[in-house]
Structures are given as structure tokens and as C-alpha cells.
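Here come two complexes built around subunit A, the first alongside subunit B, the second alongside subunit C.
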Partner chain A sequence: MIAFDFIVAAGMLLLAWHLLSCRDLFQSVVLFISFGLLMALAWVRLNAPDIALAEAAIGSAMTGALLLAALDEFKPSAKRRNGPGPGIASLLFCGALGFVLAFALLKLPPEAAGLRDAAATEVSKTGVSNPVTAVLLSFRGYDTLLEIGVLLMAALAVLSLGNRPPRFVLAPSRSLVLSAMVRFLLPILVLAAGYLLWVGADAPGGAFQAGSVLAGAFILAALVDTGWMSRVSDRQWRWILAAGLGVFLAAGAGTMLSGVSLLEYRGATSKRVILAIETAAALSIGATLLILFLGGTGRMDTDGKDDS
Partner chain B sequence: MNAVWIYLCTGAGLIALGVLALVREPHFFRKVLAFNITGSGIFLLLVAAASRVSDGPPDPVPHAMVLTGIVVSVSATAVGLALAKKYHHLTGHTALPGEEDEE
Partner chain C sequence: MMASPEAWLVLCPLAAAALAFLWRSRGAFIGIVSALINGALVAWLIALMRTEGVRRIEIGGWSAPLGIEFYADGLSPWMLMLAAILGVATAVYARGYFKDPGSWFWPIWLMLAAAINALFLTRDIFNAYVCLELLGLSSVALIALSGNPDALAAALRYFFVSMLGSLFYLLGVSLLYSAHATVDIDRLRSLVSETPATLAAAAFMTVGLLLKTALFPLHFWLPPAHANAPAPVSALLSGLVVKASLYLLLRLWFEVFPGAIFASVAPLFGLLGAAAVVWGGIQALLQERVKLVVAYSTVVQVGYFFLLFPLAAHPLTAELARQGVIYLLLAHAIAKSAAFMAAGNFIRVVGSDRLEDMKGAGTALPVSMFSLGLAGISLMGLPPSAGFIGKWKLFSASLTAGQWWWTVVLAAGGLLSAAYFFRILSPALAEPSRLGAKIPRTMKWTPMALALAGVLLGFLAPQLLEIFEIGAPLRPAAAMEGGP
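Take a look at the complex of A and B:
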């Protein structure tokens, strides 16, 4: 299997080099999506299936969708300037950076279990058996709380910039193939999101993977028709966006009121609290990623003003 | 030599490539791509370093950190692209003044 790892690693470096230096921005985005899929393979090889799922759904697909939506604004054929080759100073600096990093890493001790054993003995107290979910929502719940906050801030920033949604959303293609496919896929995607959310307690999966599958479903639906988005009022959109952080904060406040420290829940109720937080978070993540993709709630006119 | 060391070196290589493109490329869009490649290199480094075990599952703590990192980096990408779009819409440029424009 070493040969396989070598091919994946070499493919990643080659793709990264090519996508950063090729002339066509559209080609860069396509190469970036392929790079993300190779990364997902690398995660599987490193025994990190949770990250592999997140990378394929968020790192590769969602970032790719965001990049494609942004290309609509920049000229897709923007040519790379034909200046002099890379400056010697920056080449030397980055070459040295890579070598120093690699040298330092190769000096690491070959065996290190880190916090694995501590996590394995404590995981039974959290009510979930997937150690990554236990770290995310119990041991280091504080980090995840702030992360949901970061997502909400990003949605607020994108909403207040008020960019116009990409042209292919404003004037969607009335393609029969697309709408028939989306009608067929939507229920499956929602079901898959629910499954990932539920199974995250005991197997790879969880709120982030579920949220991004949900976002994929929302985006596909918006590509066919944005009409459904106006049926949800602006006030309701705000509630959906804030639900993840709101439930998380409520859980934190609840634990503090009952006399233990912030987000310290154990025992019988622990799994229920974790699932409640994850459900709200998945919904908010789905809505947030949709807003990040569209740059608004889809009810913007061409001047970028809200017409509600 | 096992797989972990291959991925550690790949991580270092991706960081070097990403930082090089980040300082070299004037176009906002390529800077965002370079930022993402650098981030991927850092994630690979963290998880590969967590896999230095001969038997049993790897350390879940870096895994959770990287999962958080992936979501934060997609948020940062979205905000960066939205700022770049607004800048292009208002000024018609795709790079900061002082750096060469491509068009």
C-alpha cells in the first residue's frame, strides 16, 4: 500500500502546483475540486473517516461551489500575467520553509499516541461512542461553540456586503434534466443528511457532514428555482441561521445554571443534549452555506438591494 | 519508512507551495486558492502527526481540530471571495493597488 500512498501524495503535490500556476481560473477551480477528492483519499489512508467525509463535502464540493459562484464576477478567462519568473527571494524563502518543516517533522518520535488513551477512557461518560464526536461536542465543546459562531459571523459578513447572486442563479436554466434530477435527489439528500447526523454519535458522521449535505440539497433546489426561498421570510431565515449557536449557548447556560461548568454534561442526558445541539447546528450550517453561496437569501434584485 | 512520513512531507510541500503562491500571485482569486492549499497542508500535517501509532485508532483530538479547521476555512474562503467580488464590482480591479493587475 506504500505505492498507493506515494501516488496519492505525488498527485496532490502535482495538482496543487498545477492549479496554482495554470493560466485559466476555471481550470484552477476544476483542479482544486480534484485536489480535494485526493485529500479525502489521503484522510481515509490516515484512518480519519470523519475528516474524509467533511473534506469531500465541505472542503472540496462546497469550496468548489463557492469558487465557481465567484468566477461569475471575475472574467473566467482572466489570463495570468506574463511577467518575469518567480522572484528568487520568495522562491528561496518558500523552499527553505518547506525543507525546515519537513526536516523538523522527520525528527519527530516515531510513536506518539497523544491524548488517545485519555479520550478512550473518558468517552463512555459522554453517551456517544464516536471519539471524534465526543471531542467535538463534549471534551472540547467550547471550540465547536466558537466555530458555530465563526460560521454565523461569516454569513453576517457576506449578507452585509450584499453582492449580487451569481448570474446562473438569477437566470436559471429551465432545463428539464436538471429539475427532474433535483426532484429525484432532494429527498435522498435530506435522508442522507439525517442519517449522517444520527449515525455521528457512534460512527463517522455528525453535524458538519450532515449540514453540508443539507447545504448541497438547498443549493441544488436554488439552482432550479429560488421561489421556495421567498416563502421563508427574512425573519425566519435569521432564526434558522442563529439556531445552532442559540441552542449551543442555551445548553451552555443550562449546564452553568445547574451548578457545573460551561458545557459540562455527562450521564444519561448527555447524548440527548449532544443530539439536540447537533440537529440545530446541522440546520444552521446548511442554511449558512447556502447564504455563503448565494450572497443573500435569493430575493435580491439585480442592484443587490433587498426587495422584501 | 511508512505512509505517515510520506504524508508529513506532502504537508510540508503543500504549505511551501501555498505560501509561495500567496505572496507571488496578485489576483485575489488565486490568493484564495493559495490560502486553501496552505490550509490543506497544515491539516495534513496535524492528522499525519496524530497517526504515529503502531496499532489501534489514532488520536481523535487533532481529528476534531482539523474538522473545525475545515469549516472555518470554508467560512474564510466565502468572506474573502465576497470581499474580492465587492472590490471588483466597485473598482473594476482584481488585485490590490501597487500589485500588477492582470486584465
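Take a look at the complex of A and C:
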């Protein structure tokens, strides 16, 4: 396996160098997507399947889609303005940074278990058996509450840049192959998202992975036919975007009002609360990523009134 | 547990942000109500702390290191109080400034308010990272709000700076976590020693946070970002947002990193602070736009805050220096917001923010003129303002510590402030004006109220400092023994 690890690591370095030095931005983006996939493999090898899933779904696929959408704005063919390859100054800086990091890391105790044992002892009280889900929604659920706030904030930022409410309009693709494939894929994607969401309680998966699969489904559907999107009104889109934060806040306020500490839930209730939060969060994450994608395409119709 | 204002201080603004997003046309109303509730919650927290002292509360029923804990010693309510005062003032001012009550300003600003409150209440360095993310993203969106090309460019640059700063900070957090298996400040404090990992973490986190705090020479992004934002946003960014990363930096250096490192970097911080005072002051004198002058004045004031490090390293003067800097923080937040709001009024009436166009603006807007003058008094550090109390304490601390050179910096800073404030005030008073002043009454009187508060707070020093001294924050045992 050492050989495999070596190939993955060397491949990542090679890809990184290549994507930074090639002149064609489209090529860079494609290389970046492959880099994300290798990164996901690396996470698998590091025994972090949850992070691997997130990396593949968000780090590689979603970010790739966002970059491609952004690239669309620099038509016809985007080239880097400054010469090929990273400059000497940034190479020196990164080299120094890498050196300091490597030195500090090598001096660390070889087996850093972190809080793994503590989490393993307490996980039975959380109502879920996947320790990652336990950390995200129970031990450090408060972090996740704020992170869901960050996601809504990201959607707000994109919407505010257009200064108007979104009115999802894309030029629908006329490709028969694409539309036939999407018709076939959509139900599978939705099912996969539901599965990831449900299985997250006991195995790798959860709201973030499910949300990004859902976003993939949303985006594919938007590429083929936009009719369904305008059938959902702007107001309803806003509710979907805010659902994750709303349910999380309701859980927070509910726990406070019932006299326990913020977001304190245990056992059987815990599983139900966590599932409710994750379902709403997955929907919001999917919608947020769709907004980011549409914002990047510059195709959000903007016909509201101006601010300020 | 219901009696925990800490949790509500985070839940309420977040909920208000979601509501202001769902009912956009009611944004202004939701914002103002939320700011008032926020003020009441902070008052509640302070009342509780006056009887109970330092508060530490588990979240989710899990204690650290597995869970996250809310924590409040005197520094937390101090910062929360400052945020609450600015929150109410900003909300009232912004209601007049943004003619559309459904402006995106409201939900985004409420997100920022939640992030600020959460940051001032956390005891967990990873949770602080999440707060920084929310804070950074909301600040970027607020800077870009006006949508003009300069604002967008400044917002994008700020976004990169802010992300870079956050990532450096996160790098430090992960190093500390792998070395010590905890991200709780108190636990880390008892575990850290001068290992390579701690040193690297200290370096990364410091660089990241200095970038966000805009300490010279990492201040390059601040003037365009603060000057191109809408007036209420500039007031928030200079008054509050810069201080959030400073707060975290103070927590880390006074409560986590070992005293020996503290003693060796303290003079460096002092030096950079002094350079910021002089450089920022000279730059402010050279600017041709009103808001850029006020923005460079923030670079100056950030410099003052860093004089805390060399002076707190000295056992005799730690007390004076802590109180002095903490008072300067308060004075600057209030006076700078007042200054940006008053400048915003001038710009609204004159239709330009060039100094040469300001002729006669003062006679058209006497109230705003007077508020700018009062804010200037506090920023220059003239008696009896809050700024004076802060500077006086720092002055005495420098003399007691035998580090007289800081008094030169303080005096130079004060003179430079006077000079650049008169550059705004004198053309404004020059000729009688023919400008028709048409701005809402709230916009006229909010900066006035703030500027007056900035002066009056000078009289309340003993009572207010009592709140700050709960649990004696920013008093590192290590620095006391390791002083020169």
C-alpha cells in the first residue's frame, strides 16, 4: 500500500504544479477537479471516509462546477495575464511555509489520537453511532449551527451582489442526450441524497454530502429545463434556503426553553432531532450551492428594484 | 439554563437575520427590534456577572474538551456592550440611510452581529474560527453593498485578505489541536510549552489575525475597503470588525501562549504599533477624500492598541496599560462610528467625498459638523473624552515603566489626529453654503448621540472599568513574572 500512497502523493504534487503553471484556465479547472479526486483518495487512505466523500462532492465536483461557471464569464478563451508558473516570490514563501510546517509536524508526538477516545466513550449517548455525525451534530453541534449560518450568509452574499431577488433563468439545453440522461439520473440522485442523509447516523454520510448530491441534481435539472424552477416561487426558494438555519435555531431555542443547555439532546430524541436538522440542512445546502452556481453563471434574472 | 443570556445573544441575531431574509420588506423593523433586544440581553448578562463573576456554560450538555463552552469574563461583556451600543446606533442610522427598508443590508448586518456576539462569548479556538468565517463573509458582502466598481474591487481584496487570515489562523488551531488534543483556551494554557508546534502555531495565528486587524504593515487593504463601503457599514467595520480579530489576538497572547514567547514578541508589537501611529497619521494628512482620512485614522488607532503588549509585559504598569487600551477600544469604536456617520451625511449632501468639495458643508449641516468635532476630540484624546482616559492611562503607564518613548508616539499621534481632523473641519466651515440639507433626522442625530456618548463615557470610567475587571482578564500570570 505504501507504493499506492506514494503514487497518490506524487500525482497530487504533479497535478498541483501543472494546474498552477498551465496557461489555459479551462485546463487548470479540469486539472483542479482531478486534483480533488486524488485528494479524496488520500483521505480514504488516511481513514477519513467522511472527509473523502465531502472532498469528492464539494471540493472536487461542486467547486469544479462553480469554477467552470465562473470561467464562462471570461469568454471566449481565458488566458492568464502573467506568465506561466507561480512567481519566484510565492514559491519562496510557500517553501518557507512548508519547511516550518514540516518541522513543527515532525516534532509532534507520532500518534496523535486527539479526542478520539473521549468521543468513542460518549457516542452512545448521542443517538447516532457514526462518531463524525456525533461530533457535527451533538458534541460540537453549536459549531455546525454557525456553519449553517455561514452557508445562508454565502447565499445572501451572492443574492445581494445581484441586488435583486433571483428569478432562475437559464437557457435550456436542446440536447436530447443531455435531457434523456438527466431524466434518468434525477430520481437516482435524489434517492442517493436521501440515502446519504439517512445512513449518516451510522456510517459515512450526512447533511453536507447529501446536500451536495442534491445540488448536483438541482443543477442538472436547471441545465435541461428551467420550468420547474420558476414553478417554485422566489418566496418558496427563500424558505428552502433558510430552512436549515431555521430548524437548527428552533432546536436551539427549544432546548433552552425546556430548561436544558443550548442544543442538549440525548438518546432517542437526539436521533430524531438530528435527523430533522440534517434533512432541513441538506435541502438548504443543496439550494445554496445552486444559488452559488447560478450566481456564477451571471444568469440570475434581475428585475427587482434597486437598493440604497 | 433558560437564564443564559449567552445562548440568546447568538440565537436572536441569527433568527433575526433569517427573518429579515424571509420578509425582506420588513428588514429595517426587524433590525431595529433585534438591536434593542440585543442591548437588553447584554445588560442582563452584565447584571448576572456583577453578582456571579466569571460565567462558564456548557453547550449541548458537553463540557470541554469534547464540547464547546460559553465563557464570559470582564472582557466579554465589555466588547459585547460596545457591539450593542454600535448595533443600536447603526440600525437607527441605517434606517434613514438605506431608503429601501428591504435593503440587503439588514439580513447581512444581523449575521455580522451574530458572529460578533458569538466570538466574544466563546472559549474555544476552533469555534472562534467559525465565528471569524461568518464575520468575514458578512463584512465582504457589506462592503460590496453599494455595487460600484471601487467597492467591488475593495470587497474582493478584503475577501482574499480575510480568507488568507482565517486559513493561517486555522493552520495554527490544527497544530495546537494535534499537539494537545484540545481547543479550549484554559486547557491549552496549562498544556502549552515552547515546542516547535506551539511556536509555529503562534506565528501562523498571529500573522493571520494581524492581517485581519490591519496592523501596520498589513493594513494595505483597510483604507479602500472602509472608505468605499456605505457609511453605516464603514462605521461598523472600523468600530467593530477590526476589533473582533484584535480580541482573539489578545485572548491568545494573554491566555494561551507561554509567557516567555510573550515577553520576546511584546516589544515587536509595540514597535509595529508605533509605526502604525506615525505612518497612518501621515497618510491621513495626505488623503484627498473625507472617508479615506477617517479610514487612515483607524490604522492609527489600531497602532495604539498594540502598545498594550510592551506595557503589559511590565509588572508595575500592566494594570494601567490594560485599562488604558480597553478604554481606547471603547472610545475609538464610538467616536469612529460617529465620524463615519457624520462624514456620510456630508457626502450625502455634497454629493462627493473630496475634501475640496466640502466647502460650506458644515454650515449646511451644523449638527453633523458638531458631531464630527466631538468625535475628533475623543479620537485626539483631549479631556474629558473617553479617548482622553485611555490615552492618559497609557501615558502614565509608559512613564512608570520607564519606557518614555511610547509617550512620544502617543503625543505625535494626538497631534497628527488634530491636524487631519482640521483638514476636514476647516473647509467645511469656510463659506456660507447654498446646499440644501435634505437628510433624515435620524441620520443627523445618531452620530451626535454617539459622539456625545464618547465624551460622556469619559466621566463613567470607574463604574465601567468595574465591569471590565470581573475575573481580571488580559492579566497573564506568565507576563507578570516574565517582565523585563
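Here are some notes:
Just so it is clear, the second predicted complex is superposed on the first by the 273 of 308 C-alpha atoms of A that agree within 3 Å, B and C clash if a C-alpha of one lies under 4 Å from a C-alpha of the other, contacts with A are read in each partner's own complex, and residues count from 1 in each chain.
Methods note: a contact is a pair of C-beta atoms (placed from the backbone, for glycine too) under 8 Å apart; a residue touches a chain by one contact, two chains touch by 3 or more.
Quantities reported herein were computed from a predicted structural model and do not represent experimental measurements.
In the superposition on chain A, A:147 makes contact with both subunit B and subunit C.
By the document's definition of touching, both partners, subunit B and subunit C, reach A:115. By the touch criterion defined above, A:263 lies against subunit C but remains apart from subunit B after alignment on the C-alpha atoms of chain A. Of the two partner chains placed by superposition, only subunit B is touched by A:48; subunit C is not. In the overlay built on the shared chain, the residue A:195 is in contact with neither subunit B nor subunit C. Once the two complexes are overlaid on the shared chain, A:20 sits against subunit B while remaining clear of subunit C. When the shared chain is aligned, no partner comes close enough to touch A:228: not subunit B, not subunit C. Once the two structures are overlaid, the count of subunit A residues touched is higher for B than for its counterpart among subunit B and subunit C.
The contact surfaces that subunit B and subunit C form on subunit A in the two complexes overlap at residues 101, 105, 108-109, 112-115, 119, 139-140, 143, 147, 150, 153-154, 157, 161, 163.
Listed in rising order, the residues of subunit A touching subunit B in the complex are 1-2, 5-6, 9, 12-13, 16-17, 19-21, 25, 28, 32, 35, 39, 42-43, 45-48, 50-51, 54-55, 58-59, 62-63, 66-67, 69-71, 73-75, 78-81, 83, 86-87, 90-91, 94-95, 97-99, 101-102, 105-106, 108-116, 119, 131-132, 134-136, 139-140, 143-144, 147, 150-151, 153-154, 157-158, 161, 163-164, 208, 285, 289, 292-293, 295. Those residues of subunit C lying in contact with subunit A across their complex are 1-2, 4, 7-8, 10-11, 14-15, 17-18, 21-22, 24, 57-62, 65-68, 97-100, 102-105, 107-108, 111, 114-115, 118, 126-127, 130-131, 133-134, 137-138, 140-141, 144-147, 171, 175, 177-179, 181-182, 195-197, 199-201, 203, 230.
Against subunit C, in their complex, subunit A makes its touches with residues 100-101, 103-105, 107-109, 112-115, 118-119, 122, 138-143, 145-147, 149-150, 152-154, 156-157, 159-161, 163, 165, 235, 238-239, 241-242, 245-246, 249, 252-253, 256-257, 259-266, 305-308. Those residues of subunit B lying in contact with subunit A across their complex are 1-21, 23-27, 29-30, 32-34, 36-37, 40, 43-45, 47-54, 56-68, 70-79, 81-86, 88-89, 94, 100, 102-103.
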